[in-house]
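Take a look at the structures listed below.
Look for subunit A in each of the two complexes below; its partner is subunit B in the first and subunit C in the second.
This part shows the complex of A and B:
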C-alpha cells in the first residue's frame, strides 16, 4: 500500500479519494453514495462520465493514479491527511463506509454488503502495457524499431540476431517478464563475453534468453552458465576460434532440474524439452549477440555440429550409481549448479553383453580412446554419459565414480608402439623416440562421467571435447542459486 | 588479435600473423576491437600438417613482410 502521495499524479493532500470503474456492479451500486459524500475526489478507470453527480471527478483511464495508489479492487476509498494516506477500504460494507467517511445514514437503501471487482490495472489485457509503463524505464538496451509492415521474426533474422532458427522477439514486456526470473538488477554485469570482450549485463542475458525461447524460471541457469563459460579456465574464446568443431555444453544438477522441468530421462541429450533446448541455446546466443562470436568470422570451426545450436541436459541424480557431477566438483549436496564443458556431438557406445564392471569399463575405454584420434593421447578432453542400464552394472558391483575413473585411467594407458607416427600405416600419431612407458590418453581430470538417459537401452554416449587444460578449455561449474 | 591489442597497449611493436584461412576472422576481430587497420601478415595455409622444415621455410618466406609490418610507420590505427 502506498503511504505517500505520488508526485507524478495529482492527489488531494487531505480528504477522501475514490477509485471506481463503470464496469463494476458494486461501483454502480455506490454511485449515489459517492454523490452523497460532502467532499470526495473520484478517479474513474473506464468511463470518464461515471459516476454521475460528482463535483471532483477525474479521468484515470490511463490508470496512472490507480497504479500510484496500487489499487487492486474497485471501489477503493482512500483517506489522505497532510499528504499521507491514513486509511483505505475496498468494496461496499455500509457500516464500514459510514465509519470511514464519518457520514451517517450512507446507502440506507442499499444491500449491507457487496464485494468489489478487480481493478483495471489487474486486467490480463492490460498487464503487458502496464508492465512496460511501470518498469520499462529500468531497461537500458537500444530499442529496435520494427516497421508496422515488417515481420518481427524476419526482421530479427535480417539484423543478424538468429542462429539460423527463428527467435522470439525480445519485446520490452517479454524482457521484463524474463527479468522476473532473477532477483539481480538488470544493469549488473554477469561476465565479459568473448570474443569481443563485451560486458554482458543481466538485461542482455535476459534478452538472449527471450530470443532463445526460455521461460523466466530458466534465467538463473542461463546466468550461471554465462558466468561459467566466460572464465579463463573454460576459455570460450579459444573454443570458438579453434578450427575444431566443439562448442559449449551444459550439465545441470540439483533441485532446479525438477523445478524447471528439465529432462534427464529418455532422449536426455536430444530434442523435445523446452528447458534443455533453450538454456543451451541462450548461452550460444549470448556468445553470438553480445560477444560477437559468429561462424565464419571468429568461429572458425571446420565443421561444427548441430549441438552448437544449444547443448544442455540435466543429470539423472536419482537413478545414478554415483554422487551428482556437481558434488564431485565441489558443490555442496542439495544445491543447484551448472557445469559447462567443451563438447562435440555425442556418439553412442553400445555394449549389450557385458555383465561385469570390468568388461563394461573396457568397452567404455575403447570408446573414450577414439576421441580426437585413436592414436593421439594427452591433448583432448572428453565426457562419458553413462546410461542407466550401464550404470546399473557399476552400482551392483559397488563401483563409485572414483573407482570407475581409476579403472578407466588404467585401461587408457596407450602403448607407444601402437601410437607412434606411421604405426598401423597411419602417419598421424606421436613422434618416435622418448620413453617406452605407456602414455595416458587423457590429462589428469581430462574426462568427466555423467549419468542420464532412458531406462531401456545399453547405450551410453561418448562426447569428445577439445584441447584440455591451459591454452585449451577445462570444465567449469558454477552454482545457480546465487542467480535466482 | 587480442594479443596484438594487448602488446600495442603496452607500447610493444607488434604485427598479426596467421595463415590465409584467417583473413576474415582477423578482420572481424580487428573491427570489433576498434581497429581500422592492423599490420598483418598471412602465410599460406595449411599449418597443422607442416613438417618443421616446411614451417621454417614459411617463416623465412614471410620474414621480409613481417619486418616491414613491424617497422612501418603508424601501427594499428583505431
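This part shows the complex of A and C:
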C-alpha cells in the first residue's frame, strides 16, 4: 500500500514530517515544540488550522498522507533522507524528541512523557470509508446507485434481488468484509450456475451472502455449497425446473459447525440460528440472482415449500450413534464438509413406544415409504433425520448406519399387489403385470440418514427428495476447507 | 457521507442486460420448410408428436424427429446445433 500511495502524496525528500490531530491532547501539548523546530512539515488529520505557528502545515483531513505513511499513532514524527524514511517516533518523550530532531532544550516546560493517541485512520467511524478506498478497487461488480431519498430495502425489492424477505444492502464495504472470510481471490470462478449457466465468482457469491445476512466466517461454507449444488450430479437446473416442490438443502459436518455457531440441537431444522438460516438462503439467492432461477419463471414448482428460502443445518456428530454423514460419503475424519441434497419440507415421524431397533426401523420405514406416494417405488430419493432419542435405541443395540440401511432396505421392499394401479381403490401405482418380485422403494443409495435434534422428543423427520440418480438429482458432498 | 449522497451497492446478478430479441416471423405456410418434432422425453409426449406427424404427412410434409435424453436437464449443445442446422421450424412437445 505504502509504495503505491507514496506516489500520490507529496512528501519532502529530506527533513522531518509530523502527523497530528487537534483532537489529541498530546498533539496539543507538543504544539509549541513543533513550532520551535527549525524545519518540519506538519500534516493535520482533523482541524486544518492546527497546529499554530507552523510554516509548512498541510491539510490531511482526507488522510491520504496518513495512510501512505501507515500512521497508527499521533503525533508521529518521521525523518526522510534522500526520499526514504530513515526513522520514526510516536507520542511525546522529551529526550527522544531532542535526540531524533537534534534540537536541544525542546519542550523544557512540558511533562517528560505523554503517550500519543490513535490516528484518525484507525477511528471506527472512518473504517468503512477507508476500507473501500484502499481495497474497493479489487471489486469488479457493477456499481448500482440507490438515490438518497429511496428506502434502500425497498429499492432492493424493486430490483428483484430478494426472495421475499428483506435483504442486507451489499455495499462495497460489506462485501469487502465478507471477502475477508476466504483467502480466495474475488475474481476466482466458483461454479457455473444454472439455469442460465453463468460463471459465479467468489465476489458474486460474497455479494449474495451479504444479501442473505451471512457473517464473513460463513462464506467458505456458502462457497462449498455453491460448488456442490452446481454439479451435474446434483442437477440444480432440473430440481429448479421441475413442477415438484423440492429445493436444495445443506447438511454441514466437521469442525466448522462449532466455529461458526451452527445449530444441530433443538430446532436444528427450524428458525433462530443465524448460520443455519443464512447459509442456505445465500445458496438460493445465488441460484436466483446469478443463475437467474426465479419462481414462476424457470422455477416451475407447483407448490414449493417454506424451506426453499433456505434449508441448512449441522449434523449432531457428538451425539450420533453413527459416523458423520460426510465421513460415510468419503470425507476424511475431522474435516469440514457440506452435503447438498434435494429436499421437501421435513415431516415429523413419532414413535414413542418402540425400544428395540427392529420395531423402530419398521416405523421409520413406514415414514420413508410415504415419500412421493405410498404406492410409487423407485423414483424419488429421500432423507431421514434421526433424533437423539431414536438414535439412542440404535446405539444401544450396536447398529451402525450401514446396518440401519440394510434393515430399512429390507423393510422397504414393496409388495407388487399393494402398489399396482387401482389397488386400494387408488388409480395411482405401478402398471399391472411383470414379475411378482417385491420392488424396492428407493434406488440403491437413494436415501440418506443424518442425526440432529434436541435431547427430548422421540420424533425423527422424513425429508422427501426428488427424482434420484442420473436422470434427476443425487446428493453431492464437498469439503469446506479449500474455500477458507 | 452527505445527506444526499446515493447509497452504492454491488450488483448481485450476472449483469446481463436483457437481450432484446425479435422473434422470427411466423411462416404463413409450411410448404418447402424443413420441420422438426422435438420430444423432450416427458411421458406421452410421443403420443402427441406421433399424431402431429400423421397430420403433417397428410399435408405432404415430412418431419425429422428429435428427442432430448431427459426432460430434467438442458438440451445437449450438439443436439441443439443439429436441429438448428437441419430445421426451419421446430415443434416441441411439453406434454405430460
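Methods note: the second predicted complex is superposed on the first by the 479 of 484 C-alpha atoms of A that agree within 3 Å, B and C clash if a C-alpha of one lies under 4 Å from a C-alpha of the other, contacts with A are read in each partner's own complex, and residues count from 1 in each chain.
To be clear about the criterion, a residue touches a chain if its C-beta (ideal position, glycine included) is under 8 Å from a C-beta of that chain, and two chains touch if they have at least 3 such contacts.
Just so you know, these numbers come straight off a predicted model, no measurement behind them.
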Combined model on subunit A: subunit C and subunit B, fit or clash: clash
Which superposed partner A:196 touches (first subunit B, second subunit C, both, neither): both
Touching partner for A:148 - first (subunit B), second (subunit C), both, neither: second
First (subunit B), second (subunit C), both or neither touched by A:172: second
Touching partner for A:241 - first (subunit B), second (subunit C), both, neither: both
Broader residue contact with subunit A after superposition on the shared chain, subunit B or subunit C: C
First, second, both or neither for A:300, with subunit B first and subunit C second: first
Intersection of the subunit A residues that touch subunit B with those that touch subunit C: 195-197, 237, 241, 292
Touch list for subunit B against partner subunit A, complex: 2, 21-22, 24-25, 28-29, 32-33
Subunit A to subunit C touching residues, read off their complex: 139, 141-148, 152, 156, 161, 169-172, 175, 194-198, 203-204, 207-208, 211, 235, 237-238, 241-242, 285, 289-292, 467, 471-472
Contact set on subunit A toward subunit B in their complex: 195-197, 237, 241, 243, 292, 294, 296-298, 300
Touching residues (chain side subunit C, partner subunit A) in the complex: 3-16, 70, 72-74
